[in-house]
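Take a look at the structures listed below.
Two complexes, one shared chain (chain A), two partners (chain B, chain C).
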Partner chain A sequence: MTEEEKKEDDVRVGVFICHCGSNIGGLIDCKGLADYAGTLPGVTHSEDNLYTCSETGLTAIKTAIKENNLNRVVVASCTPRTHEPLFRECVSEAGLNPYLFNFVNIRDQCTWVHMKDAEGAYAKAADLVKMGVAKAEKLEPLDMIKLDINQVGLVIGGGVTGISAALNLSRQGFKTYLIEKEAQLGGRLNNLYKLFPHDIDASEIVNRLISNANNPKNLEVLTSTQIVNIHGFVGNYEVEITQNGNNKTLKVGTIIVAVGSSLLDPKGLFGYNGQNIITQYELEPKLKNNQIKAKDIVMIQCAGSRNDKRPYCSSVCCMTALKNALIIKEKNPDTHISILFRDLYTPGTEYEEYYRKAREKGIIFINYDVDRNPNVEENQVRVYNEYIGEDMLIPYDLLVLSTPLVANTDNKVLAQMLKVPTESNNFFLEAHVKLRPSDFATAGVFIGGSAKWPVDITESIAQGYSAASRASTILSHKTIEVDGATSNLPVYNKNLCSGCEICMKVCPFHAIVKNEDDEIEIIEALCKGCGVCGATCTNQAIVIKHFTDDQIMSEILAYGGK
Partner chain B sequence: MSFEPKLLGFLCNWCSYAGADLAGVSRIQYPPNMRVIRVMCSGRIDPKFIVQALELGIDGVYVMGCHIGDCHYLEGNYEAVKKYEMTREFLKLVGLDNRIRLDWVSASEGVRFGEVVSKFVNDIKELGPSPLSGDSPDKDLINKVRAIRLAAGSNRMRALVGRERKITEEDNVYGEKYPLEKYKEIMSQAIIEEYERHRILIALEDESKSVKSLASELSVDPSIILEHILTLKGRAQVDFQEIIKNTPIYMRRE
Partner chain C sequence: MEKSSKSALVIGGGIAGIQAALDLADMGIHVDMVEKKPSIGGRMAQLDKTFPTNDCSICILAPKLSECYRHPNITLHAYSEVQKVEGTAGNFTVEILKRARYVKESECINCGLCAEKCPMRVEDEFDRELRKRRAIYMYYLQGVPAIMTIDKEKCLWFTKNACRICEKACEKEAIDFDQQDQTITLNNVGSIVVATGYNLIEDFEKEALNIYGYGKFRNVVTALEFERMECASGPQGGHIKRFSDGVTPKKIAFLQCIGSRSDRYKKYCSSICCMYTTKEAMIAYEHDNSLESYVFYIDMRAGGKGFQSFLRRGASDYNIDYIKSKIAQIDIDKDENPIIVYEDYDDGKIKQLKVDLVVLATCIIPPEGIEDMAKLLGIELNDYNFIKTTPFIPVETSKNGIFTCGCVHEPMDIPRSVTEASGAAARAAEVIRGG
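Moving on to the complex of A and B:
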């Protein structure tokens, strides 16, 4: 081996310590830390920057890579959760494989949380840098996985969210399927009278949506259709459906879950009888048909929600009650309406106005406590009023329960087919409540509307568009690159594999299969890189790329080594 | 100077690491004793990582993941529990089980992250330094912990822990569900057996020994040692070497 080639194999780590203005540099000696990093094995360059993520900082990294022939880069600064993509791109621009970059968190998990212990913070930062360098030394270049994209979208659920999403996708020019299990599109919107805000006719909205959906260029609407099974991965999903007994497979690139929610069965709640004790949903058609003759109306909010069984707020019921109460009051100003509530939720610029108007029109609001639920008696409701300190008796000839929207009972089945999670109330759970509100963790699957939690029509439409826009970021490409940090059974470990299949059973994404030769095969496109199979593999044959045993052990040894 | 524990935390990327970041963003203050290794999922945390850290004299190891039901990878944390429980069972054998802890911290629980870390620091402070820390830790204990690391990584233990959920929570091929308590019994027995077997392997590293001398060295009944030797012979890890004064001597096979 010539000196030149040997040099090529050597690990040459560059360490960049970020001051983050005074966020890090204000507490610990970044210059000293950079000097310390310079003494670590494998480190051939170290420096401190005022802001490593700034243009100046990034240029410093690129320059150092070129000048010092660096083949590993460690940045000690904020958190990989926000800045890893930036630095990966930076080293990549300088010709280094992006996986040869390692992040050390010395701000969010160090200087920000040990502000009164500069010495302790420095010692921790120094250890973390040492561990980061140790891992960096073991890093291996990885290739992104390139996948072909079938540029066709699928939307599950033909309610207001689903139609909005499907129209948006198809109008962008993507062939789109819209699947609805009922015979008719529109979902619950078909049953509603008027919509808040502005008391728009629900029929106007639903008719417009349906007529648009039925006259599209790229949209294929499939009603009375159920999903049988879903296979594949981002860009390449195969969805088996059944429509009136006919089975068919749709090949699509992305899937939007817009299955909405269900109504709570009100039986047993506050004496519900479907006659003069009904739900808001049952009130809507009566309003539409002008059937309300009652003189004394009581509405009970949070009927069946915000309790131990259903701890969440259904979010649409306050506004529904206010809207319906006002509609009645405007038609028959003599009607007495009382709304029994726990808290009223009227956010934004429009909704509070409903409450104000309701007060002006003489609608009575009575607060009740969760521990003293209103008691429904014959022709009257007994409710404890905190302010006067005793029970009030309110007569009614119509009692309306504001019951919550609940998750569909078949959400779990769909969730399992899609390999996406649901939360404790059985609603679908997005990838991140703030950072990725329309995505699932599973690539190529998106979410919008009341499938996630109850939302009103305005929000449903917005979320439908949002999900469509997220889906189009994939559909607009012929190919896509996905993370290369997956599970892997390297050729050199094949002899270790005993074929016990435990990895296949623990893989939540069914990314591990036995091929025709009866050998374990990992479908990298399906793998999400969790690493469970690697920690489970009985013969330790599986390697988790970018989080290998060797890399993690090197971090442990760097910290614990004496 | 008071004892400042040296702690290591394994945090999953999506919940607990994010929770730790949120603690920072919210400027929650907690003691700086714990260093963090980020993994994508708590289910990635191999028992050998935890034991290796203790073997090096680290005073405590924290394993953190998403709350049950919230796993970014659906079920990784269920696997993490099984692996952690097995590790803890093993560590009970040497009294180090109270130096490891498992917790769920969500991405929104920044305050809680600070609280649980502070509590861990305090609890380990009360417990005192690890017997394996310091410049000259007890050689025998190091070998015991090493035996645990190797035993936890053995094919048998990994197969048992890897199959546990499938066997106890779903039907097996015969349509039966195996009771969890019974499975735990099998696990406990396997843990003791594999621990002793790996202690034998370590004891044979430097020199070949007889059953009798292994029995007195490891304080295990000779008949049990003999059984282990036979098993290890079957696994091609130990071999008969020679007979000295009517006593068979066994050696380690590479």
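Moving on to the complex of A and C:
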């Protein structure tokens, strides 16, 4: 802490009001707000910027810090979720401790939610800025927490995704464990015949992957192995596993989740009987063993998906149907094959080509609407064709249902061990759909393949590599710095703590333990600074750094509280 | 991991290239990034909001641009091109041509005084020529690096030997008409990631849009133009207006698969248009809640995470009508309102719909100069001139040590571009680390 930062009565706050293009500036007067901020106690500099986060805006902050000797910076703009790290880094480049920066959200919380009330939005923004400045005055410099990294990777699930991830990490030079609960690697591919869109035998791909996995130094494959429990935090995870009754603990730095997906139980769908009404998945081995002799084949797409219960497209089923229909046509060009579909999902270059090929080979495509599902009768399917405006009757001796991939039922268990979320269909939920597709919000844990969402092999492999890359950004270092705004039981508060252990129970991240001396100890690396413990502690022994009582009170008082 | 003596080269500074560079840099590997345009950001910088979460594109991109610019392990070569590549995986030698901006990077503070005074007006490429910029310009407002560039082809000094007004306007003495192009040689490049993105069919084959009246009718625009029209920092300041009369459209028709899935033009599907169209209609609705949107499509392709729910929301909450159909032709009435004649696949009937504005979802095509790039690198292209990749391994090109990601090998959305970018980085790191 420099002298400059310490003296509270000598705070010099700089306030930067961002227009965010027209997101904020379109509704409220940012210039006026900046002028108002300039009148607040402690503020020595204020300005408005079209985009404070642009290089131009960041330069303006740095220049103002230098020219005005600022020791606190407040930016009022979009949202800390995406932008706080950027501004913290900016002030720290100008020589300030990054925690002497305070974010005020006047876009999401003002101009967006009060889009229809410009005056109200301005008034609220002005209040928030006033409170933000008050808090800024009370901010204290904090240090980032330095953690040692155990430079070892672990991958859960030995399908294409997991194998790709594990191979890559080991080839980058990291000791890597690949955990598979079944006796062999390969996942879903073990039961498939040919693979779209390249018509290669699935076994060929599986064998290639497995022989690669068995080779490299650094990679340890553990099959017939289950995860029992997971403890720890980024860089320092302890993973308890069990293999044939033997338990073991692996110490690793990062974890990649590649547990794949399951298949929908088809019972009750379109007269499924497992005999002449089967799923694509059941068709695959029959094709492999050359058991398909049917003359009239009908395939029904979206069987059990894109409905209210499962409102998603499983994205691999259209291609699977085309693939299997083409295989049958190739062997026996006289077979009649009709595919009943809603929207044919063949995006991109190669898949669309596949669709063309299927049409050229004489496969019939019939569109149906979700409100008029095909009706399966004995030996024929009745489907309403909107184009001709009446029912069509299509005979079948084999009916194949294209059922969706669904999330594994035990995803919840693993999610709980890892403290990561799942979404409404029970697939794993990544940190940010667009910009952090392979990360979880929990540091050091990554996701890829059909565990996240139904995807084909090509995308699974890309996602496996992607997760490996993200893991490598951590594993490549001996130490890592994490957020210093954590919960804390300061020495001077030790006498307040009655040892009631309530904080231990409420902490969602299991960051609070009792040490050998029977004292409450907070593992800073695990703490996410959520504040639950601090709010719960009846003796007010716990202090949440960067959100101290003093800091929060200063905001309330600034707003007008007493 | 010891800091590697070998570096990586990333070609293209769109979201894919940026993500690949950031991952490699965060692994402790030095990266040289080459971007042809004056600023990085690629197409994502041109978009208004982005599906499926509809957050503001530049808002979530800007921190990445900055990170890329500031990262101690990344050297950014903007306004540059790769000129020569020699060697093999693990040890390439690369020559980069860094073009003169005629503005000193160390001096320019992007105050804009020069551009304010510059008398020469030029079509603004970034804004799809919907407005004019000056001969001295920022590629776009939030561009990184935030430095002016003089457009030598258009500048009066370079073309007519007169003017130099900007030089006088600049208080930082940043203008330097004597700046020269530079050649930079990089040795010890372990691997290369190609992420040069895409163009749109109207960039090179405008005739594909002819039958939809584009170029002839003022109220027919492309989807990327519409992004700029919706955007707050775009040519209309975020107030969508028709070009014929400046009136806000109340009825918009979105036409899908323009040039895509076509026997005449491109056979493939551009993959992302179904989704971005719904997004554009949603955003337009947010601008004006009385808007009616009509989407004319063949198949709705929405397989990504949360995409089906996105379409459902479009229909239920944003007044979007999805019409499975085939477009026959487009005309206009005397007020220049487009009239769409189409065959409705639901009942096989030929119908007409009069709207205020038509937005064309045009086909994504390989980027300009892809053939030269392929030759330079010694990699193969596929039948459509996208970069050819190994079956099932979308980040691997036909040459060892050279990887790819994003739209340069297949049309795709941002989530997938970012995923592949990290994937390409992982493989590039493998080569650099000798795996």
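Throughout what follows, the second predicted complex is superposed on the first by the 441 of 562 C-alpha atoms of A that agree within 3 Å, B and C clash if a C-alpha of one lies under 4 Å from a C-alpha of the other, contacts with A are read in each partner's own complex, and residues count from 1 in each chain.
To be clear about the criterion, a residue touches a chain if its C-beta (ideal position, glycine included) is under 8 Å from a C-beta of that chain, and two chains touch if they have at least 3 such contacts.
Fair warning: this is a prediction, and the values are worked out from it, not measured in the lab.
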Is A:L393 contacted by the first partner chain B, the second partner chain C, both or neither?
-> neither
Looking at the overlay, what does A:Q463 touch: chain B (first), chain C (second), both, or neither?
-> second
Taking the superposition as given, does A:Q109 touch the first partner, chain B, the second, chain C, both, or neither?
-> first
Touching partner for A:L86 - first (chain B), second (chain C), both, neither = second
Winner by number of chain A residues touched, once chain B and chain C are compared = C
Given the touch rule stated above, what does A:V370 touch, chain B (first), chain C (second), both, or neither?
-> neither
Both partners, chain B and chain C, contact chain A at residues 423, 433
Contact residues on chain A for chain B in the complex?
-> 79-81, 105, 107-110, 112-117, 120-121, 123-124, 127-128, 131, 419, 421, 423-424, 429, 431-433, 441, 485, 498, 500, 502, 505-506, 508-509, 528-532, 534-540, 544, 547, 549, 552-553, 555-557, 559-562
In the complex formed with chain C, which residues of chain A make contact?
-> 20-23, 26, 50-51, 53-56, 58-59, 78, 82-83, 85-86, 89, 93, 151, 168, 170-173, 195, 198, 200, 205, 216, 306, 311-315, 343-349, 351-353, 356, 367, 369, 386-389, 423, 427, 433-438, 452-454, 457-459, 461-470, 472-473, 475-477
Touching residues (chain side chain C, partner chain A) in the complex | 1, 23, 26-28, 50, 52-53, 55-56, 58-60, 62-67, 69-70, 109-110, 141-146, 231-233, 237-238, 261, 267-269, 271, 299-309, 312, 324, 345-348, 382-384, 386, 391-395, 410-412, 414-416, 418-427, 429-430, 433-435
Inside the complex, what are the residues of chain B that reach chain A?
-> 6, 8, 13-14, 17-18, 20-21, 23-25, 27-33, 35-41, 43-46, 48-49, 52-53, 55-58, 69-76, 79, 83, 107-108, 114, 135, 153, 155, 158-159, 161-163, 165-166
